[in-house]
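One chain, subunit A, appears in both complexes that follow, with subunit B as partner in the first and subunit C in the second.
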Partner chain A sequence: MSLLIGGEELGWLGEGSRLFASGAAESSYNLSRDWAGAVVGAGVTLVAPEELLPGTLCVAISLMGSTTALGEQLPGGEEPARAVRALERRLGERAGAVTALNLAAENALIPFIAAAELGLPMIDGDGSGRVFPLVEQTTYALGGMSPTPLALAGASGELIVMETAPDRVEELLRPVVLSVGGWAVAACYPMTAGDLARVLVPGTVSLLLRAGVPGAPRSVAAPYGVRTLCRGRIQAVEGSTRLGSELALPSSPSSIVLQETEGLRRLVRLEAHNEIVLALADGAAVAMAPDQICLISMTDGMVVDVDKAEPGLKVEVMVLKAAPVWHTERGLALGGLRAFGIPL
Partner chain B sequence: MRAGVILGVALGRHPPVVVALRDGALDWPVGRAVARTATRACVALDLDDAPTAPVAAIRVGGPCPEALRPLVCRPDQAGVATIVRGGHSLTGRPLAPLDTEAVRRFAGSCGLMDFAVTATGSPMLADHELQVAAVIAAEVPGARITLSYEFGHPGLREREAETIRNAALGPEAGRIADEAARELPGVPVYFARSERGLVSAHYFRRYPYACYLGRTASLARGRAALPVRPVVPDEVTAAYGAALGRPEAQVERIVQARGRAELDRELQGVRDEVLTRVVSAGAAPGSARVAETTVNPLSYLPHGLYRIRVMAEGATA
Partner chain C sequence: MNPVRGSGWAAPVTVAELVNAGPLAGARMYGTGERPVHQVRIVDRLSVFAAVAPHTAVVLIGAAASGGWAVEMAMRRAWEQAAACVIAPSSGLSEGSGEVLADRLGVTLLFVDEDPLILAVRVASAASRPEAARTQLVARCATRLADAGASARRVLGVLNAELPGTSVTLLDRYGRYLAGRQSVGGPAGDFTTAGRWAAEVEVLDQEGAVLGTLVAGGSSRSPGWPAVVRTVLGLAVAPLTAWAAQERLRVARDFALQSSLAERLLNEAAAEESEPGAAATGQATGPADLEAAGSGVAGPGVGGPRVGGSVEAGSAEVVTGPSAGERGGASTGGASTGGVFTGGTSTRGVATGGVSTGGVSTGGASMKSTSIGGASIAGADVGVVGLDDGGGGVDADGVGVDSVGGMDADRQGGVRVEAVALGWPVQGTMTGYHIRPVGPVGDAPLAQALITAAVGQVPVLPRSAGWAGWAALDPGRLAARVERCLQTMPWPCAGGVGAPVEGLPAVGESLLGAEAAAFVAGPGTVARADRMGPAELLGALPAGVLRAPAEVVLRPLLEIDKDGTLLGTLAAVLEEGGALKAAERLGVHRNTVTTRLERIKSAGFDLDDTATRLALQLACHVVLR
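Here is the complex of A and B:
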């Protein structure tokens, strides 16, 4: 059944979307929330893809690049609509719905802004069930959908339409995103509602709407289960400046070391590459991608971004189980530890 | 340096509470004659309900949705704001030439003396903020100008809000510093920072926002130092907490570095800056040292962009 997301529901969606979102800078979340609140108007209809005609064109909307850059160089406001319109021009067809690539903070709110500005429904689901750093790391791709053609709108009026083999999207995208200031809005994965129904992680938007209601337990936002790995204090953060890496990953790897403050008092080492991909406790692997590993501040209950982690912080390390499709052989190849360059 | 009495002073909606620290031992109340012979006085106060001046806010950047424009119109503020073309991306690329003519027109016609300037990308490159300051200073003699890069956090709107708040507190900070100097002639006065540590009165006049929650921080510090004496009143505890502090300063920047050598060079630049700043915050030059350095790569960006925060401390001069 379709649901209308108005001002109040938007507040819940915003809160729900950051319960497990790492890499979301406070300022970019705040501005996405305020921006969405200003365009909510009569509201956006949330629909399951099955409720649309099977041939309806759906496009995925996502922030590309750095949330820190978005928080610093503000949007002009037209970016989401410009990206969708450019993709429509390339395809010669109007979009009938907007879907999210993933639902972490800004990435839940920017598709909402696109839907509100264009008067389109938003799909109840996403292409991840969690967050991965690469455009092709989605359940859409696992289901055989191509991220291209892809349209990119930057804050200084830039508009780029990209067409290439799926495995070269990141390589082409990254220098472009950097040259337009570090962030852009992408419209990508054009597909029919029929295909989308087959490849999405369903129901995740309405899940976040429930999880964002004040007083709801955090675990509501984790559709496939969540556990606490440990509670501890960060001892050290080690950034790498490794260059010429063979890995096709944006940003540099870093490590976070923390000492458990209870139980076995283990030394827990978290390996991060934009986000945490591996947790070792006293040298033994205890959690890894494609499951999502999150640091939650024990002071304020907020997610601690990898680039804000600093010695002395008291944190809870939580592990969210990824959608079942990520634990298939193809899912592991695309989103497992090897995809982050760790051949464990 | 004279070995002697260090004063802690708690200000708030009550008469000033003064305590004395002699060889680490707490003593209060303190007579005026003793107070005027102190080696230094450390003031704890919160500025969250201090009177504020109307601010002229200048943002340097592109057009944006109405909801994201500068906020200067809090209930008790008759501020004005404008957005002028210019600024830099986080990679240091100029977004547009700075519209100095627009700055001149706004500064000349706003009728205010307290300016807050926030340029897009200033944690990376502050050139446009410095140019705006020069235009304002030429157009409005005696203007008090806060530049956002002094706060340095990425996140334009949050940094802008801090910059505006700092500018709004300027006149009141000046009044408080004047009064302290009158009450304690010849005694160097310091003010407690929001996180920890102290800054000189001179620094406080320019960056009162650094001391926005100075009493709250001093109270926490005082409580931690007096755990076995729970009957001490809060104001005495806060004054004591302030007296325990030493000058501290922080600098935050975004830098771009290709490789370790470039990063080390950038780090050295930030460290030099924070050492200069902690001396300006009242540390004796020979005592200033870097206490803490944090380097984090920025997520989802290639080409070595880093967020650097450096904290320095020193002994009082």
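Here is the complex of A and C:
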């Protein structure tokens, strides 16, 4: 039972993709939405991988690098298509569907653009169920899929095809993305529809479509459950010097301290490294990666980025339970606290 | 109690004590630090906490100190294990949230700059031998107190520096702050509440009377600490007693000096006023009419040395008589008047602001001579117009009056110069004040200190069981300052402010007004002579004292006046000045008043006699008030 994403559904998808997405710059999000709106045409078919022939080549599409850079260095428009075509040339095989690496804001829209441009269906699901900062932090990788070969298209016509051991992708990718202008569209994790059906977090795109409908509760976007950890006011944002700052993560560790404004009035500390990975309440750990910890502004209901958190802000701290696969031993190793440098 | 082995000396050291006076000195402590420390445990990862025993000082290193989150989790675990405290290296950690959490969990958190491993060893040593650590502290305090000498400020400085976490204040016997940390404040009883402790030691003066109290307080609940503090306070008593003795001598001397100076100043001014020559104030008659910068004191020895010309000096009331110019060419132009110049007695010259002053001849011991001599600037015969060989000079601003050669000239007028040096007003508009203690009299030097603190640099004279003086302020501002002064006085006092007058000679008059006003004023309030009217005078009547005689005077009337009608009528008639107006005030017919007056007269009062009327009106006022 495939679903067609047209103009209206695209709006819902956009809204839904932002409900728990941090790190999305407003300008780049607006740009991506307009870009998607420009290419939506007759719409994109949303399919479950099981609906495809098991041997169909599926390709994951994602934005790499900085969303802020995307807002500043505008795309030419054909980056997603070029990346997919390059990967197809490398593999000698046509892609039959496009899937998402994760569904946070731009990363939900860029695969949609690729699907619309190439006239391919989009898979209803993604490789994360939430968002992680690294290319290899996906359920695809957990399922044994390799992110490479990987094709990268930059805004000035650059095209890079990369082939390396899975654990070196991030290391090689980062300087390349930086040198092409701070962002690029990647086509990666080439796999068959049969494999994809096994490793993806299913149904997440249609979930966001439902969550993005005006008036839908935010919790619809969290398939495995969401809870409010606390509501409070940010007291301080500190740079953190903890171990693990040498880890290959895009941003530096920081720490957000807030005081609960209700209930026990606990002191809540949120350790962030690219995203919030650990929440302490009065020194006791109350939430941690791989579950996703989100700051939602109590004034406008928008997700507050870690680097936008500032003292005085009133926020709600929400915890989204990660897909079960993240709570397995391998999942914890890839997306748990230690992956973020916290030796717990 | 053996002062060095008081109870509590062998009690386990608390965290606060380690910080206050032990190996953790200089650490930033959050939390009360009240738990005793029995042992030390170095923790490099949080899992070690499972083996931490109660009353352990936990020293965080490595991964366990690798971020705010780690410290917070350590505090949580320390709380669960009932540890004594958590010690973390301060490098790079923010302390704000630790403070909040220390408060929330009741776990003391310490941030240290030194190597935590070295500190751990020292803490372990202090924890195992608490008595030795305390004795060491007392010994250090004794040495530093000996170095501090007899100065309250330095002694209190030593106490507060060596007993951190403890605030020490020296209060006088009225409980007011003298030295040390203001925050302790108030009598000791004020802060023994809510887990705080206090120690106090009386400081006696050289005669064995209570001089004040050393009060120490803190929030630490260490059982041993107050005993240590008391011992150290005891060490500070002797230097404080010595300090007080010195200070008291100096202050008593200073007070005597300034009050006698003020008396002399007033006497001179009064004498000057009464001199015939002085009448010329404001009318320059001397041949050399020298004016010194508008306000200066000038007294040139004018051309006619024995002419007796008076010379106006600015607006001041300075008058010179015949010059004493012959005196070695060095004498001033100041002149003796009335032939009382004696010249022989010198008073001190006072130098102010680098301008040599003081060389003004005074009348010597008699102090009747009134002239203020202007003195020459550099010596005799310096080019000041109209000088005779006596060489009077003119000073520029009326403050620095230069003595001629600084030798024998500092006689008359030195009083005024000293007064100027003290910052007292000596000319222009000034206003007298009077402060009257309502109860028993306190000590004068203290009163002077309080008065000058509140009013400014003014003389303080002992006057009719109170203190008086004058200031160059208008009555309104002076009254405000005097009122502020009354609030700081340890004894209840009333204040009075006189009318503003021009020049020192008239100050006596203003002082009288101030005294009268102070008599009228109630405790804590200030009355102004220039605002005093009949109402204030009546209000000042000692009604309590007069009531009995008043009732005697009025008895014949009261006996026939059952309901008070006649008394009221009498009062109305006397106050309104006639039966007609009294009837209006009482709301009765005139004839009614007349009838009542007849009854009053029949009681034996002759209302036509003015003395009787006054006595009756006074009596009515007192009785009806």
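Note that the second predicted complex is superposed on the first by the 337 of 344 C-alpha atoms of A that agree within 3 Å, B and C clash if a C-alpha of one lies under 4 Å from a C-alpha of the other, contacts with A are read in each partner's own complex, and residues count from 1 in each chain.
Methods note: contacts are C-beta pairs under 8 Å (C-beta built on N, C-alpha and C of every residue); 3 or more make two chains touch, one makes a residue touch a chain.
Every value quoted in this text rests on a predicted model; they were computed, and no experiment measured them.
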Worksheet item: Overlaying the two complexes on subunit A, which is it for subunit B and subunit C: clash or fit?
Response: fit
Discussion item. Looking at A:3, would you say it contacts subunit B, subunit C, both, or neither? Reply first, second, both or neither.
Written reply: neither
Discussion item. Looking at A:343 after the superposition, I want to know if it touches subunit B, subunit C, both of them or none. Which is it: first, second, both, neither?
Written reply: second
Item to complete: For A:284, select first, second, both or neither according to whether it touches subunit B, subunit C, the two together, or no partner.
Response: second
Response to the item:
Vertex subunit A, Cα centroids of subunit B and subunit C as endpoints: angle rounded to a multiple of 10 degrees is 50
Item to complete: Count the residues of subunit A touched by subunit B and by subunit C, then name the partner with the higher count.
Response: B
Discussion item. With both complexes superposed on chain A, which partner does A:178 reach: first (subunit B), second (subunit C), both or neither?
Written reply: first
Worksheet item: Now for A:133: first (subunit B), second (subunit C), both, or neither, which partner does it touch?
Response: first
Worksheet item: Just subunit B (first), just subunit C (second), both, or neither: which does A:308 touch?
Response: first
Worksheet item: In Å, how small is the closest CA gap from subunit B to subunit C once the two complexes are overlaid?
Response: 12
Response to the item:
The shared contact residues of subunit A with subunit B and subunit C are 240-241, 243
Discussion item. For a test of understanding, state which residues of subunit A touch subunit C in their complex under the given definition.
Written reply: 235-236, 238, 240-243, 253, 255, 257, 259, 266-267, 269, 271, 278, 280, 282-285, 342-344
Worksheet item: Across the complex, what residues on subunit C touch subunit A?
Response: 45-46, 63, 66-70, 72-77, 79, 91-94, 96-97, 100-101, 104-105
Response to the item:
Within the complex, subunit A is touched by subunit B residues 61-68, 87, 89-91, 93, 95, 120-121, 123, 154-158, 254, 257-260, 263, 294-307
Fill in: Complex contact set, residues of subunit A against subunit B
23, 25-28, 30-31, 34-35, 37-39, 65-69, 71-77, 133, 155-156, 174-175, 178-179, 181-182, 237, 239-241, 243, 250-252, 254, 274-275, 305-310
